[in-house]
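Each chain carries a letter (A, B, C and D) given by its place in the written order, and its residues are counted from 1.
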Amino acid sequence: MINLSILLIIPLVTAVLVMLCRNAAQVRMTALLGSVVQLGYSSLIMFDYMSQRAAGNKSPMLYEAKVSWFSNLNIEYYVGVDGISVAMIMLTAVVVMTGILISWSVEKMTKEFFFLIVLLSFGAYGFFISLDLFTMFFFLEVAVIPKFLLIGIWGSGKKEYSAMKLALMLMGGSALVLIGLLCLYFNTDAGNGMHTFDLMKISHMHISIEAQRFIFPLMFVGFGVFTAIFPFHTWAPDGHSSAPTAASMFLAGISMKLGGYGCLRVAAFLMPEAAHEYSWIIILVSTIAIIYGAFATLMQTDLKYINAYSSVSHCGFVIFGIGMLTKTAITGAVMQMVSHGLMTALFFAAIGMIYERTHTRQVAQLGGLLKTIPFIITVFVIAGLCSLGLPGLSGFAAEMTVFMGSWQNPDTFYRVSTVLACASIVVTAVYILRAVGSTGMGPIKNADYLTFKDARWNEKLASVTLILCILAIGMAPFWLTNLISPDTQIIMDNISRSVVGR
Amino acid sequence: MGIEYLQIMKSEMILTGIIFFLLFLKVWDGIKSNNSLLHITNVLLFLNVVAGLFFNTNGELFSGMFHTNNTLVLEKTILNVGTFLISMMAFDWLKDHKHLLEFYILLLCTLLGMDFMISSGNLLMFYLGLELSSIPLAALCNYDLHSIKSSESAVKMILSSAFASCILLFGISMLYGTTGTLNFVEMAPLLGHGNLQTLAFIFVFAGFAFKLSSVPFHLWTADVYEGAPVPVTAYLSVISKASIVFIFITALFQLFQNYGPMWYHMLYLSILLTITVGNLFAIRQDNIKRFLAFSSIAQVGYILLGISSGTIMGVSSALFFLMVYTFSNLGAFGVISLVAAKTGKDKISDFKGFYTHNKFASWVMAICLFSLAGIPPTAGFFAKMFLVTAGAAKGNYWLISIAVMNMVISLFYYLKVVKAIFIDENERPIEKLHGSLSLKIALTICIFGAITMGFASGLFEYINTITGK
Amino acid sequence: MLSTSLIILIPLLPLLTFVLIALAGRKYFPSLCGILGTLSLLTSFLLAATVAYDYFFVVGKVGEVYQQIIPFKMTWLQFTPNVAIDMGILLDPISVMMLVVVTLISLMVHFYSLGYMKGEERYATYYSFLGLFTFSMLGLVMSSNIFQIYIFWELVGVSSYLLIGYYFDKPSAVAASKKAFIVTRFADLGFLVGILVLSYYAGTLDFQTLITRLTTPTDQLHSIMAASFLGCSALTWGLVLVFIGGAGKSAMFPLHIWLPDAMEGPTPVSALIHAATMVVAGVFLVARLFPVYSISCPTALDIVMWVGASSSFIAAIIACTQTDIKRVLAYSTMSQIGYMMFALGVSRYGGENGLGYMASMFHLFTHAMFKALLFLGAGAVIHYVHSNEMKDMGGLRKLMPVTHLTFLIACLAIAGIPPFAGFFSKEEILQAAFNSNKAIFGIAILTAAITAFYMFRLYFNIFWNKEYHAHGDSHGGHDAHYGEAPFTMKFPLLFLALLSIVAGFIPFGKFVTSDGKFLLTEFHPTFSIAPVLLASLGIVIAWSFYKKESAAPQKMADGMSGLYRGAYHKFYIDEIYLFITKKVVFNLIGRPAAWIDRNIVDGFMNLLADVTGKISFLIKGLQSGKVQNYAAYFFAGVLGFVLVFIYLWT
Amino acid sequence: MNDIGLLHFLFVSCALFFIGVYGFLTRRNLITMLMSVELILNSVNINFVAFNKYLYVDKLDGLFFTIFIITIAAAEAAVAIAIIINLYRNHKTIDVEEADSMKF
């Protein structure tokens, strides 16, 4: 029988073991082992989940476990998963494992590096499985500080500035979440004057519309900061570009998903009326983010900045899909989260591999690398194609689902914004091809590029894993949709019910 | 009869005993080596902590002047533990100091004063305890006789605290004049009539606020903290502050319950000012003691936030926070005292690259700072969450928003220190410091407390139940 | 009928070769990859041929009407209960016809490349890409679902990108591939939105359902007619947007700019992708949705017609002035596709009106043959001369007789000289145009004449004009030896030449018509006199100009210098685009966006931090360090409380 | 009417209080500041005694409090003087304005 807490125990044990290790080699092996076990267990969960659903298990959350934690505040350790969280868990597991593989050659303070990475993953797992808002918030914040240290210590460029900015902006976001959380808490009623943090319970209560009007923006913007919602996205470019490879992978692959997941699972799910009222603002903002992120990317000359801004644009699709409030669009948003997580992780991995060899990320200084490091550049190209939405790779399925879902929203404003969002795929093509073309193709800029060694086993393994996942989603998106759409249906029911109720 | 006295005044008795024993040692002057003296004292203090846990009863003496109950025992235990940790940390600083016994005698006198103060049921007793706990502290601040800063801080301490207690006394005298009694229980129902009483209440409140160092009565804090020797600073920022919070809670909830709405708004004002001003000043500090002083001012704001809810929840979360705060803050001060004792450096910039040679100390510092900043998974997160939650019960979300936003600012300066320790390069970082065993033990206890206490939900629930009574 | 699994094999085999070569082939058996690819293509060609036979002669026809058969279909991505992307195979006359064409040409190109690409560094990669392209193209033509067609649409786009950029160390090639992809991507945006519009109102993505719902008076049809945006009905919008997609792929004016540059790719690739198959995808798409266009929304069809006609004319003009032989061919391709487009445009659904449709498909078929032949021939020439420029050529007829002969046949075919293939198809297109729209007919016939002229200009410049003398710079200056290409390259030429002779005699109206019924096309000699004469006139002019070196063309060029320069510079369309992208998009949108992001949005965040710092600096005076001030503040605080809580307190 | 009542005492003590505060805030000599603290304390004492004498004659809380205040004031003064002397050793002055090395 599945026990979700194991998902938290494995990283903890790994972290402790890492701290006990003698030398760097042991550390790496331990961390890798832990992540592999975690991946195995996550996939076990996924398959078991699928089989249970197939067997007709209709309960909204599976593997629920509930332990009273601070009884006098009704705080519980309450975990459980639905399709969406399962998808997120799988994403996290994959990205963590590949991230550890990619950062195999970290020499400086190896132990601390891997310790922090494992701690970060601990936060992410906890966030995705917890159904108690307090616990959720706890894990949300657990995942912040490791980033600060990772960027600050192992980063490059103006790392102090970026790390501080990232930590503060994310903390500002979670502060907003906290305020919203407290207001929400005191607007719930669990009988005899008690309140509750229990997400499922709250979803059945009716929060007064006035309270929702106040809480929803706090929650949505708060989580939105994590997923780089416009105009609170500026931590992303600096953070990504200064971070070490693995950290960038986590930031874009996992951390930005925490926000999207929160927006969906907490904000939209618990406060449907407000979601409806603010929907047009969400769409407006996310459309701006999509277009403007894309155009801002056009001007970037640093590979990591390019990917960071494109992440802003792509995560715009997540918010966009959620804001559309149609089942298909929300499904698309979740797919986009998964797809973007994998794709951007692959992208950063490739950039990291290139940077490790050329020691520059300036597009202008690169060129013709396809001759010398074909594997890495191929990976780079695949990531790029995925990001510009090539069919057969995950990006396409996700974005198309978002578009189809958005178009079901029969209102000129939404239609126009959908068209604009679609238009961004052209711009995406432009900057991706620019990056790919001037990095991998053309004449070789620098003589010593000829001496480069192609990817090592760990890098190959990491890239191949990610590519396989991307292909799996891109070639056969139906399994992913089957996994998540029942639960988006539940969310939609909650939303539409409340709106009909109005 | 007698045994009852012993039982009810147990901790005070024990403390007095220790004080006299130390005095005797001083007079006898038999033991020459500082280390053994220090070890003896530490053992005594440890026994004091242990003894504080057993044979406790509820009861009162001297017609309600002195009373004790589980909550008070808990509070005294907190103080004892804190004192014990501080004396463990002071080892490296004291072991080549001439008059270390005086240090301990003064220290324990203040502790005794606090014990009396927090278990007082009468303004006279309260005043005696207060003075007993503050006058020797001024002397302690001046303990490094030849340091200019030390003496200056002592002067500031004694003068401003004298002034403050004058105001307090004036308020008390007016309370007495309007009610004719000094006993909390008798006085409480008679309050709430007429401006004279309100004036008196404000005076008394100001006296408390001064000791709590809440804005605008806080200005002495930073200077005194900066000048005083590190262990004394730690003592000031943790123990004396905690004791004042305890008695403050009693005063507000028992004595001034009729002024409920008024003191809620007073607290509202002081919370806003305290948190904001504390943070704003903390941002620009480079001296780490001064920095911690301002950060502790900001922390007081959060404690007041919890208290302002006027609920059991608020009180218990305040107590819980103080426990966590004791461990976290003392951990940080432990590292600082180690550095100060070995190198005499006390600037944040001196800590650049500290991690390169002092891994353990750096982690202790980092974790304690995160706990102060309220970052999970440290206990500080839970403590702060509970305070804020308790405060939010009033539904004053603007206050909450400002408090929470200030948490972000505070994170900035805590991270600044962490950054200096872990990230910044330094060509000549502080080399490996070999602290004494007792210091190491103390640090370990602190870090353990700072991490685990948050998950020990039983503790919090226990506090909640006993404060409920 | 062939079993479904075999039909699926047709596209799958190239895919398998792609995967196999990409993963293993390049490393372990690079030299064999060519053979492997060719064999797998041969197999799928044979399968396709069998399918075609079965379809046209055995199972396809039910009561005089060719049915649409869907041997295979699976749900790929479910959006809503009734809207889903299916992966399916749709067999009907056009798809089967395309099946044959694609596999055939692809086979020829594979075979040809064995010789042409010999010794290339990335030989294996080349074949893997060819496999990928063939797979995508086959998937495209067999799509049963409008979204499926979009998917493969993108895939052909990317494989064309990869193949154009095959010589990736040539900056021009990289630029060209980028340009091709982005321009078509831009057009695909229209396609995508069009799909969204149509599918929303039709409530389905499946071709058959979509077409029935949008052609017969159902409530879907009414709703889509009713819904209007900016004065046009949603249906018009949808169809026009879809057509934009098609125009992009088919290099219709003004989205044609990528096609000439695409010639940077290896010549066989140009033959396959940019002459025979991918570029006609747009025509195929319109033909696929033809019922909707013709029955429900003739307006959109008129747009198709005019775009087609104008592109064919402009392209023809430009082709007259180009000196790079591949570019000439590229423009002629564009012009011929324009022919197909307006043929569709002038046509209507069913019966006699369907002539244009039939003719268009017919022309698509024959054009594939002779245009591929032209490109392959040009490839042979370039292989020999190592240059694309006319001035480096001339008098090659003795040196490479086979190439010369086949090239001549192809030229005659495209010029529309009987009895070659081009003649028949073109003649029917002209007839359809004549029947429906005289203006279009005028343009068409004029274009036909110009076509003949520039094709023979090309022909004479390559094979006659001056004596060939090898120039030192290229290939170590080999002297003018007998330079015929190897068999692997010769065979496709001959085979295609044969086809371009006989293909015209296929009674096309029997098989491919707008409504699947039999359409009798009678042949009017009287009608076809005019076109043939004009074509011959063009040839004669070309002969007089270019048979020998002469100053005449130069004089002529100076004579109409304005037009000539304009045409030579492709009417400056590239420059306009360059202006729009570089100046407008980059400088007016991109740069400001980046600037705003750094300085305003991000600046605001930093400003918050700075302000906090400033404030804390400003209030530092409170902590004056003087104990008396402290006491004063203390007392002031007390008084403040007194003020507030005694005097203001209520 | 012209016998001395509570208000007179309160007036005196009040005056004394403000005189003390004024002195504390203005005089720059540490010893003088200490003396003004004593003034305030005495004003408090007067309060206590007066209240006790006029209002609550039956109980002696006020008197006790006064005695304690006097004692503690003495102790406080002792410690303060000691500290001031030490300050004088270090600073060579007892001007309070000089003791502001720690600020901001």
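Just so it is clear, contacts are C-beta pairs under 8 Å (C-beta built on N, C-alpha and C of every residue); 3 or more make two chains touch, one makes a residue touch a chain.
None of these values were measured; they are calculated from a predicted model.
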Shared chain contacts [subunit A and subunit B, defined touch]: C
Of C-D and B-D, whichever chain pair has more C-beta contact pairs: B-D
Per-chain Cα centre nearest the global Cα centre, belonging to chain: A
Rounded Å distance between subunit C and subunit D, as computed from the means of their C-alpha atoms: 98
Whole-Å separation of chain centres (CA-atom averages), subunit A against subunit D: 66
Centroid spacing, where centroids are CA-atom means, of subunit B and subunit D in whole angstrom: 27
Subunit B and subunit C: spacing of chain centres that average the CA atoms, whole Å: 78
Shared-contact residues (touching 2 or more other chains) in subunit C: 609, 620, 623, 625, 627, 631, 635
Sites on subunit A at which at least two other chains make contact: 168
Residues within subunit B bordering two or more other chains: 155-156, 159, 163, 167, 222-223, 284, 412
Pairwise chain contacts, counting only pairs that touch as defined: A-B, A-C, B-C, B-D, C-D
Sites on subunit B touched by subunit A in the complex: 313, 370, 375-377, 381, 385-386, 388-389, 392-393, 395, 397, 400-401, 404-405, 407-408, 411-412, 415, 418-419, 422-424, 457, 460-461, 464
Residues of subunit C that touch subunit D when the two form their complex: 620-621, 623-628, 631-632, 635
Subunit A - residues contacting subunit B, complex: 69-73, 75, 134, 138-139, 141-142, 144-145, 148-149, 152-153, 159-160, 163-164, 167-168, 171-172, 175, 178-179, 182-183, 185-186, 214
Subunit A partner contacts - residues on subunit C that touch it in the complex: 75-80, 83, 85, 147, 150-152, 154-155, 158, 161, 165, 168-169, 171, 174-175, 177-178, 181-182, 185-186, 189, 192-193, 196-197, 199-200, 229, 585-586, 589-591, 593-594, 597, 601-602, 604-605, 609
Subunit C residues within the subunit B interface of the complex: 609, 612-613, 615-617, 619-620, 622-623, 625, 627, 629-631, 633-638, 640-642, 644-646, 649
